[in-house]
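Can you keep this structure in mind? I'll have questions shortly.
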Amino acid sequence: MAYILQQAVNALQLGSIYALIALGYNMVYGVLSLVNFAHGDVFMIGAFIAFFASTLLKLSFVPTMLFSMFGCALLGVAIERIAYRPLRRAPKLSVVITALGVGLFMENMVLGIIGPWRKSLPPLLPEHVFNVGEVRISSLQLIIIGVSIALMAILEFIVGKTKQGIAMRAISFDRFTVPLMGVPENQIISLTFAIGSALAAAGALLFSLAYPLIEPTMGMMVGWKAFIAAVLGGIGSVRGAMAGAFLLGLIEIAAGATFPSRLRDLIAFAIVWIILMIRPTGLFGVARREAV
Amino acid sequence: MPLLQIRNLTHWFGGLRAVHNFHENLEEGELVGLIGPNGAGKTTIFNLISGIYRPTEGEIIFNGTNIVGLRPHQISSMGIGRTFQKLRLWNDLTVLDNVKIAQHSRIGYGLSEAVLRIGRYHKEEREIEERSYELLRILGIDKYADQRVKHLAYGDQRRVEIARALALEPKLLLLDEPTAGMGTAEMMRMMELIERIKEEFKLTIILIEHRMKVIMNLCERIKCIDFGAIIAEGTPDEIKENPRVIKAYLGEEAAF
Amino acid sequence: MKKYYLPLALVGLFILLTGASLLGLLTSYIQMVLMLMGINIILTVSLNLVNGYMGEFSVGHAAFMSLGAYTSAFITTRLIPHLLWGEPLFPVGKLLYTFDVAAHIEGPIWYLVFPLTLLAGGAVAALAGLLVAIPSFRVRGDYLAIITLAVNYIVMNFFANLEPLGGSRGITGIPGFTSVPIVLIWTVISLWAIHNFIYSTYGKGVMAIREDEVAAEAMTVDTRRVKVMAFCISSFFAGIGGGLLAHLLLYINPASFSILRSIEPLVMVYLGGMGSISGSILGAIVLTGLIEALRPLRVWKWAVISLILIILMIFRREGIMGGREFWFLKPKREVEYAPASD
């Protein structure tokens, strides 16, 4: 029993991080119907920014997080402006491929400039271990889960209650008519990218504290997984991103706990395949009914 | 035996009942019209017949066989062809290809013969091509054979859709608003075309139309639908005077 | 006479390249590049079947390559030595086990056996194509892309965990059966087969599905059957390409078939133009050449390539050929016809 609870905590931790990244995918898909394949690499750059902020600028936890969130927000907005906006009216496929290209480009630029590098973040947070019954929870885990939930709550508020958030949701329903109603399309889209990228940066910082290894290819693995989480939950839905992320975290931890750990990824992806076969649009995805 | 028998056809989309107890006994050679206000469920009925949706309840019997639950390609292979309300042509393909592909289920050669270009391949492809050209010629669009469909004028695109539907050698043809978006002259040409192909290919036709002139002139019998249910049925003259029909189209006051 | 231009040209090319490589006129580096180009053509044109002609977005092509590679490598490095010389089938526990097949080769029997191993690899890959084909009955577009992604990871992880086949260390000591004339032959076979398939009326059903699947079903096209055909043919040839690659690189491991490996043919497809076999040929040749030419840049190579991809999408997204074919690859008419109406 305690073992299960322990693993549940681990799953929450992993899921929280996936959620922060998956949200970026879903929000962008919502407004642009675009799978932003560059998002995983934005996450990677967020980790690097955090590294530089904490080692060169010697910032502490909160300033580091804010700094890298801000940096990634700028990066996300820049990417949208330079690579995606010219293709706003182009067939969807072209933008998807461009996104792929942007991601590859960033990854290889970093590989080229910094080299095959592996570093860790300095310990920005004090380490305590709490014992609740037989379950060991570290303060790091609590912070990860807590910060993630806080950020998600803020996001819920923005998307649900603010004018900009409502505009984002409106555009996700009808990209062409909503701007005709006076909604500043470009601004809202830029804002969406900014928020999504900022969340990814937060996720990167937390990830790097939990699994302390920063390297240029980290965006690939984690990015693709977060993407799968986004799809599991239903791409385009904010709630879906969160649900899918925690689900994937759960699947991974459960698979890792019940099977030999080297089979973990295999089992996890196989389960993903099965879920998508049964419910192709994900848990919360709305199957867009095609008019015949 | 009637060519098409529909009994108790009812279909729900979630909580919305789109078709309610539709029934029909269609004899061979008839040309029946299906009218009703927008959203009445006419296209849904076509979609149910052609198998795109599986009806929640009811029977559809074509040529003695119950076709409910069959997939659209099976139903169309059995001899039910259709056109769509909003054109659904294969835009980037040529006119000729559009008509050829509709003969897909009639292809007798297998994969290896296709890849190796042996056996029945050439003979069948020749037949398919000849048949396609013939149809295009009958419909007056053979000069566009090698053009991509998206480049054609609207009226000609409608003709391609009809040629395509004819290519699968249907006994029953479902035409969904074939004159939509056409001016008077084009409409008249389409009407004449419909009569001609009915004669030439011995077709039974169900026609959805909004334009009364087309319906009244072409159809021997008309069914009027509203909210998914039949509200009137009869000859053109009977339908014209029917107060329920008038009410459905024009509202309460106009019925009087 | 015009009918024979193409076969004659191909025979001429075959004689030229084979002669040049036998006479030692081509350095082994150039030969390697030529063989890579040929293999990449096979991979690109098979991916184009799914991504271009059927309009999907598969990012898992490497999965099928790896299945072909592993299957054919298993046969040549394990199965045949086992059958002929009693070597152990699954040398687990021997860390760097390599049976020097090359030293034991005798005679032209291998020229008969090698194609068979490639076909076996292709068959296994084709079977795996069902892992993507069946989901495609219900799912299109972005969601299917995820499934292809998942399949790629599943297959990669599967091999990484398969200790009898070397686990994450992979298979070493693969005999170098791949040669320039063999690659040329297989390239021509693949191009010819896929061309004949896609431009027959039966194969055109694939494009109908891309343009409008609902209409295709309503016009007697059995979309499920056609999808299975397309996916399985595509993965079959990916498997062939993988087998050829295995016997060229002499060493394969799961990591060499990751997503990045799937992206290479993807870029080639879009570079050459979707739905065009000529485009796939060009795209493969150009990008392979580019990768080699940029090799001195090492890591920056991919940065340049991805930049090219982005610019391509913004300025010429239909690719080099824009969906058109070279004259000798255009689908031919069966009937001569003069339009009557005017």
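As written, the chain order gives the labels A, B and C, with residue 1 at the start of each chain.
One rule holds for everything that comes next: a residue touches a chain if its C-beta (ideal position, glycine included) is under 8 Å from a C-beta of that chain, and two chains touch if they have at least 3 such contacts.
Since we're looking at a predicted model, the values are computed, not measured.
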Label of the chain whose CA centroid is most distant from the centroid of chain A: B
Chain whose Cα centroid lies nearest the overall Cα centroid: C
Pair of chains joined by more contacts [C-beta pairs], A-C or A-B: A-C
Interchain centroid distance [CA atoms averaged], chain B/chain C, Å: 42
Mean-CA-position distance for chain B and chain A (Å): 48
Between chain C and chain A, distance of the C-alpha-averaged centres to the nearest whole Å: 33
Set of chain A residues in contact with two or more other chains: 292
Touching two or more other chains - residue numbers and ranges from chain C: 214
Chain B, residues touching no fewer than two other chains: 52, 84
Complex contacts: residues of chain B adjacent to chain C: 50-52, 71-73, 76-77, 81-82, 84, 88-93, 97, 100-107, 109, 111, 114-117, 121-122, 125-126, 128-130, 133, 137, 140-143, 145, 164-165, 167-168
Contacting residues of chain A [partner chain B, same complex]: 292
Partner chain B, residues of chain C touching it in the complex: 193, 196-197, 200-205, 207-208, 211-212, 214-223, 229, 323, 333-335, 337, 339-342
Chain A-facing residues of chain B, complex: 43, 47, 52, 84
In the complex, chain A residues that touch chain C: 29, 35, 83, 86-87, 90-91, 93-98, 100-105, 107-109, 111-112, 220, 224, 227-228, 231, 235, 262-263, 265-266, 269-270, 272-273, 276-277, 280-282, 290, 292
